[in-house]
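The chains carry the letters A, B, C, D and E, assigned in the order they are written, with residues numbered from 1 in each.
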Amino acid sequence: QQTTRLNISMQPALYSMVPLHLATEQGWWRQMGIEPNFSSFPAGPPQIAAAAAGTWDVGITGSAPGVLGAARFNIRTIAISNDESATNVLMARRDQVEAIRANPASLRGQRVLITVNTTVDYVLQNCLRRWNIPRNDLQVVNLNQAQILSAFSTGEGRLAGLWAPNIYTAEERMNAVPLCSGSDADAIVPGNIIVREEFLNRNPDMVARYLAVILRGIAWMKANPDQTIQVMNRFYQAGGVTVTEAALRAEVARRPIFGLEEQLRLMSRANGPSQADRWYAGLGEFLQQVGTVPTAPPVTAYLTDAVLRRIADNPQLRAFALNQ
Amino acid sequence: MAKRNFLGPHGTVLGLGEFWLLTLAGFALFFGGWSLLAWSGWLPANLLPSPRAVWATLVRLWENPFAGHVYADHLLASLGRFLMGWAIAVAIGIPLGLLMGWYRLLDEIVTPLFDSIRFVAPLAWVPLAALWFGTGIGGPLLIIFVGSFAPCVISAYRGARLVEARLVEAAQTMGASGRQVIQHVLVPGAMPSIISGLRVSAGLGWQSLVGSELIVVGAGLGYLMVQGQGNLATDVVIAGMIGIGVVGFAIDVALRGVEAWFRKRWGQTA
Amino acid sequence: MWWLATSGLRLLNPLRLPAPAEVWVAFQQINGRGYAGATLIEHALHSLGLVARGFAVAIVTGVPLGLLMGWSRRAEALVNPIFLLLRPIPALAWIPLAIVWFGLGDTGKVFVIWLTAFVPSVINAFSGVRQVDTILIAAARTQGASTAQVLRHVVIPGAMPMIFTGLRLSLQASWTTLVAAELVGAFFGLGRVLNIAGQDIYPGMILVGMAAVAVCGAGTTWLLGLVERRVLNWRPAV
Amino acid sequence: MSEIVFRAVTKTFRLPRGGEFLAIDTTDLRIEEREFVAIVGPSGCGKTTLMRMAAGLEFPSTGTVEVGGKPVRGPGPERAVVFQQFALMPWKTVRENIGFGLMCKGTPKAEADAAIGRYVELMGLAGHEDSFPHQLSGGMQQRVAIARAYVMNPAALLMDEPFGALDAQTRIVMQEELVRLARRNPRTVIFITHAVDEAIYLADRVVVMGRKPGRIIETIDIKPLRAEGGWEAMPIEEVMDTPAFTHMRSRIWKLLKAREQAAADH
Amino acid sequence: MSEIVFRAVTKTFRLPRGGEFLAIDTTDLRIEEREFVAIVGPSGCGKTTLMRMAAGLEFPSTGTVEVGGKPVRGPGPERAVVFQQFALMPWKTVRENIGFGLMCKGTPKAEADAAIGRYVELMGLAGHEDSFPHQLSGGMQQRVAIARAYVMNPAALLMDEPFGALDAQTRIVMQEELVRLARRNPRTVIFITHAVDEAIYLADRVVVMGRKPGRIIETIDIKPLRAEGGWEAMPIEEVMDTPAFTHMRSRIWKLLKAREQAAADH
C-alpha cells in the first residue's frame, strides 16, 4: 500500500504517547497508509512553539500546552488521549503527610516546588482552594520536572508538584506519597490529541486515519493490559526513563483511556456543553488567571469531535479504530 | 653555582619530565579529592557518585543504549549539530567582521546592536528558535549560532582593524584595489585574531549545545543529561558532563594546532 | 524596518516575530501589572544582585588563580589540564548538580554564575602576567626588588589591562548565565521572566526580557569601564 | 616627467580630542626628475607627512602637490614607497612580496616572473625566493622592500627612513647597495633619514627641516661636493673621512642641534 | 671595589626546540674600577648577553663573572642597569620610577625624596615629577631611566644601547649629558652601542666583538687619544671632526664591516 509521510510530535516516555509506539510496533501506520515521522520534545511549550515553524502536523500533548496552542497557534484538539487527573499530584514526604492532611494551614510560608503554569499548577490551585490557603501564602518555586526531583530529593520544599512518570520516581526513591491529585481536587486534566488547524482543513482524511490508529491503540491497550505493560516498559526504556513494573501498573490503573465510543460521548454537545467542554473551561480559566494567555479561548473554538465522527461514519475506519 | 630564576615564568623552562609529573599530580589531586569526598559519605552517592561509579556508568552507557541510543551516538549527534551551527556562524560572522573592519558605515550600524545583544544568553533564544525554525535542525542551529556568532564577528573585526595601516598603505601604493586589499592584506593579517576568535566561538557554541538540546529531543549529550536528571541518576549527569568536557577540550586542542601552524608559518611567535 | 516587516507589510508572521506594538504591550504589562511575580524593576534589581555576587566571587577567586598560574609555570602545569577539561562544560550542565549541592537558594545561582564568570578572569589574568615585559621585571630586580615587590609593583600593575579585559568578559558571562542560573527555582529575576515567557510562548515578553538584560549588561559594563579608567589612569587615552 | 612639486603646502591635523595641529607650515619644494633628495630633521617635524602627501596617502590642507605636472589624487604604482619597518606582508614569500604590485597591475605571469627574478638576483636574494619575511635577516628584508619598489619601475621612489631599523653594520652595506642601484637606475627619490651621514652620502640635495611648526629651514646642495671629491668611486667609510664631508656634517648638525637643544628642554 | 672580571666565560643557550647555541665563546675581559668601557659589534654577537651576566640576570655556562672580587649570584642594586627601551614602569610617575630602587632598599622617605629631587633637577626633569612615562618624550624617558640608575649610587653602571631608540638629534644631547654626568660621578661602566661614533666619544676603551660564535676580536684604548686631543673640553660635533677621531672610526668600522659583509651574504 502507498504510504504518505506524516509529521507527528510527541514527548518521550509518557503514558499518553504509548499508542504511538504501539502502532509502530504493530505496523498499524502502514496499514493506514501513513509513514510516521516523529519529532520528540522534552516539554509542551517547545512542542507548541515548533508548530508555528511548521515542524509537525499532528501530535499528542498535555492539556495546558493544548490550550496554549489553541490560543496562539490555531492548534485543534480532536480527541482526548487520557485522563491524567490522578497522575498530576502534589506529593509530600511520607513522614510529613499526615500532619499536612490534618492541618493544611501548616503549609503557609513553606516552599512548594512546581512547574508553574502547567496542569500540575492547576491542580495546586484547586487543592489550595479546598484547603482555603491563598497562593501568596506559599513560596511557589518554579522548576522543571527533573529539577523538582533533584531538589526534592535533597530536602528542598515541603510539597512537589509532579506528573507521571515522575511521581513514581518520587514514590519509589524518595519516600514521597500523593497528597492531593487532580481527581481529588476536581481539577480534571485531560491529555490532548492535536492537529494544526490548517493541516486539518487540507487533509481531513489523513487526520482521521491518524486518529484511527491511536484509537486502535487505545482499544488494544484496554483489551491487553499485561502486554500493555511490556510495551510501556520498552517505550519508557527507549525514552531514558526507568521505572518499576509496579509503577507501570499504576499508570494503567490511574489513567483512564477512552475508546471511540467513549470519546464521542465525552465530546457530545447534544445537550449543551459536553463533559470535555467543562474540563477544558476550568483549565482555560486557570491559564488566563496566571497570565499564560491573555484571554482563554472558548472551548468550542478548538475542541472538535468532527474527526471522531468522521471515523464513526466510515465503516472501514471504525472497524480499524475499534481493533476489530 | 646556584642558578636562580629572577624573572618568574619568563626565566623558567620546565623540563618535560617535570611538566608531565605536575600535570599528572594535578589530575591525581582532582580525582583524589573527588574520590575522597564521595567515599567519606559526606555527600550521598546520589549527589556525588565516586569517579569509579561514574566510570562504570560510562562503560555501561557505552555498551547499552540509554534514552534510545548508546553514548557514542549521543556524542556524535551533539557534535554534528554543533559543527553545522558553528560552520554557519563562521561563514557569516567572519566575512561580516572583515567588512566591518573595512567599511566604517557598516561598523557604525552593526556594533551598537552587537554590544547590547551579546549579554543575552543563547538559552534565552530557545523559545524563539523553536518558534522561528522549529526543531528539525534549524532551531538547535540558531542557538549554537547565537552562541558562537559574536566572537567570530568581533575577532575578524578586531583583526582587520589591527592590521598595520602601513601594510594597507603599502598595498595601495602598489596599486591594489579595495578587493585586493581585503583579500591579500586584511584576511591574512587578521588570521591570527580570527583563529583565536574561532577558538572562543567554538567553545561558546559547544556550550550552547545543551540549551539547544532542550528543544530537540532524541539524541545528544544534553538530552542524555536531562533524562539522567529525571531518573535522579547523578552518575549519568556527570557522564554527560565528562563527554561535553572532553569533546570541548578536543575541539580546542585541534584549533590550537591550526593556530600554531599559522603562527609558525608567518613567524608570529609568542 | 522591524515594524514594516511585521505590522506594515506582514512579511513575517507576527506570531513568530512580534510587532513593536506587541512588545510595547508586554512592556506595559510587566511594568504595571507585573509578570512572573513582579514588575520589571524588581526583576532587574534582583538579577543585578545575583550577577554582582557571582561576578564578585569570580574576581576574588579567578584573578588570583590566574596570577598564580601566570607567575609559576609549575602552578600552571598543575592546574591547567583540569581547568581545560572543566572549562567547556556549560552552566546549564551544572544546574542539576548545583541544585543537589546547594539547594534552591541564591547560593546555587551564584555558583552557576561564578562557574562561567570565573573562566575569563583566570585566562586573562594568566596571559596578562605572561605579557608583562621581561625587561620590566629585570629592571626591578636590578634595583633590588624582592619577589613580593616585583609582584606588587611590576607584575600585577602590568597585568592589570588584561585583567580588566578579562573582567569585562566575566561580566558578560555573568549576564549570559543569568537565564540558566534562574532556572534554579527563582522567585524574581530577568532570567525568570525569560524562562516563564518562554514557557508561555510569549514572544513580546521574551523580547522585553532580552532588552532588559541587554540594558543591564551594557550599564554594568559602563560602570566597570569607569573603574577601569580610574585604575588604569597611567595609560595613554585611546 | 616625474618631478615632484610642493606648492605652498600646509598640513593641519585635527586632533582626536578636538583642536587642530599645524604639522607643516607653508612649504615650497621642487624635486627635479631623477634628483635624489634627502630630508633630515628632528622627530615630529613633518618629514613623514611631507612624503605621505607625495605618495597620495595624505592630502595637503592648503596648497597643491604635483607629480609629473599632475596633482596627486591618491596612491599609485608609479610612486613606489619604501616604509621604515619594511612593511612586508608576513604571509607572503619573498617572491610574492616582490611580485604583489605586478599582480595588482595584472602583469602576465611570465613577464612578472622574469622581472622578479631579475631583482632577486640584483638584490642578492637568490635562494631565498620562497622564504617568508620572518626567515630573513633585517638587511635582507630591507632588500626585499627595495626590490618590491624597484620592480614596479616607478617614476618616483619615496623612502621613509628605510634603514632606521637596521643595525649600523648592516646599514652601511645597504647604503652602498642603494647607491649602486640608484646609479644604475636613476629615479626621482625622496629619502627621509635621521642620520646626517647617510643623507650627505646618498643625496644630491639635503633638505633640513625644523619643527614647531614643521617647515624647511635650509636646502643644501651636495652634488657639486660629490663630483669634486670623487666620492662615487670611494667606499663610504673613506668618504666620511674626507674633510669636505665632515665639514658638511658639522654644518648640518649644528643647524639641527641648535634647534633641538631648545626643543628638548621645553 | 667594583671592577668587573669575566674569566674564561662561555654562554650556551638551550634552544626551545632542542639543540644548543653557543652565544659567547671563551671570553676574558677585565673592566677596571671607574673605567668606562664601550662594546660594539654586529647584532647577535652577544653584547647583551655579556652585560646580562654582569648584571646577574644570566649566568655563564662555564667560567666566572666577578664584580668587586665576588662572583655574581643575581641582580643587585649596586650594579644598576639602563635598558635599551628605557624599561620604565608605565604605571608609575617619574618620581615613583626614580624612587623605586630606594623604596625596595627601604630608604627613609625624607632621604629618598631628597635624592630623587636632586636627580630630577640634575636631569632637567623638574616640573615633570608627576607625569607618567607616556607623557614624556623619548629623550625625557631616557633621562628618567638614567636618573633611576644613578640615584642608587651604584658601584657599576651597565647600559645596553641606552640611546638606541632616540633620534639622532636627541641622541647627541643625551651623549653630552652622559659625559657630563660620568665626569662628575665616575663609575665602572659597560656601555653597549651600535654607533661607533658614540663608543669612541664616550669610552675609555672600546671592545669590538664579532659573531659566530660571539667573542671579542679587538680591544682599543681611547683614553690616551682623548687626553691628547683635549676632547673633554670640546662639543661632540667638533670632536668628530678631528682627524684622530675619524681615523679611529674608520679603523673600527673596517673591522666590523669586513665581518659583516661576509655575514650578510650567508
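Please note the rule applied: a contact is a pair of C-beta atoms (placed from the backbone, for glycine too) under 8 Å apart; a residue touches a chain by one contact, two chains touch by 3 or more.
This structure is a prediction, so every number in the text was calculated from the model and none was measured.
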Other chains in touch with both chain A and chain E: B, C
Distance in touch steps, counted as few as possible, from chain B out to chain E: 1
Centrality ranking, top chain (CA atoms only): B
Greatest separation from chain D - chain, by CA centre: A
Chain pair bearing the highest count of C-beta contacts: B-C
Centre-to-centre distance between chain D and chain C (centres being mean Cα positions), rounded to whole Å: 51
Whole-Å gap separating chain B and chain D, where each centre is the average of the chain's CA atoms: 48
Chain centre separation (chain A, chain D; CA means) in Å: 83
Centroid distance [mean C-alpha coordinates] between chain E and chain D, Å: 31
Junction residues of chain A, two or more chains touched: 45, 49, 52-53, 146-147, 150, 153-154
Touching two or more other chains - residue numbers and ranges from chain C: 15-16, 96, 100, 138, 141, 198-199, 201
Chains touching one another, given as label pairs in label order: A-B, A-C, B-C, B-D, B-E, C-E, D-E
Chain A partner contacts - residues on chain C that touch it in the complex: 13, 15-16, 35, 95-96, 99-100, 103-104, 183-187, 192, 195-196, 198-202
Touching residues (chain side chain E, partner chain C) in the complex: 52, 55-57, 74-77, 79-81, 83, 85, 87, 89-92, 100-101, 104-105, 132, 134-135, 148, 152
Contact footprint of chain C on chain A as seen in their complex: 45, 48-49, 52-53, 68, 72-73, 111, 113, 116-117, 139, 141-144, 146-147, 150-151, 153-157, 291-293
Chain C - residues contacting chain E, complex: 133, 135-136, 138-146, 149, 153-154, 157-158, 160, 232, 234-236
Complex contact set, residues of chain E against chain B: 14, 16, 56-57, 59, 71, 73-75
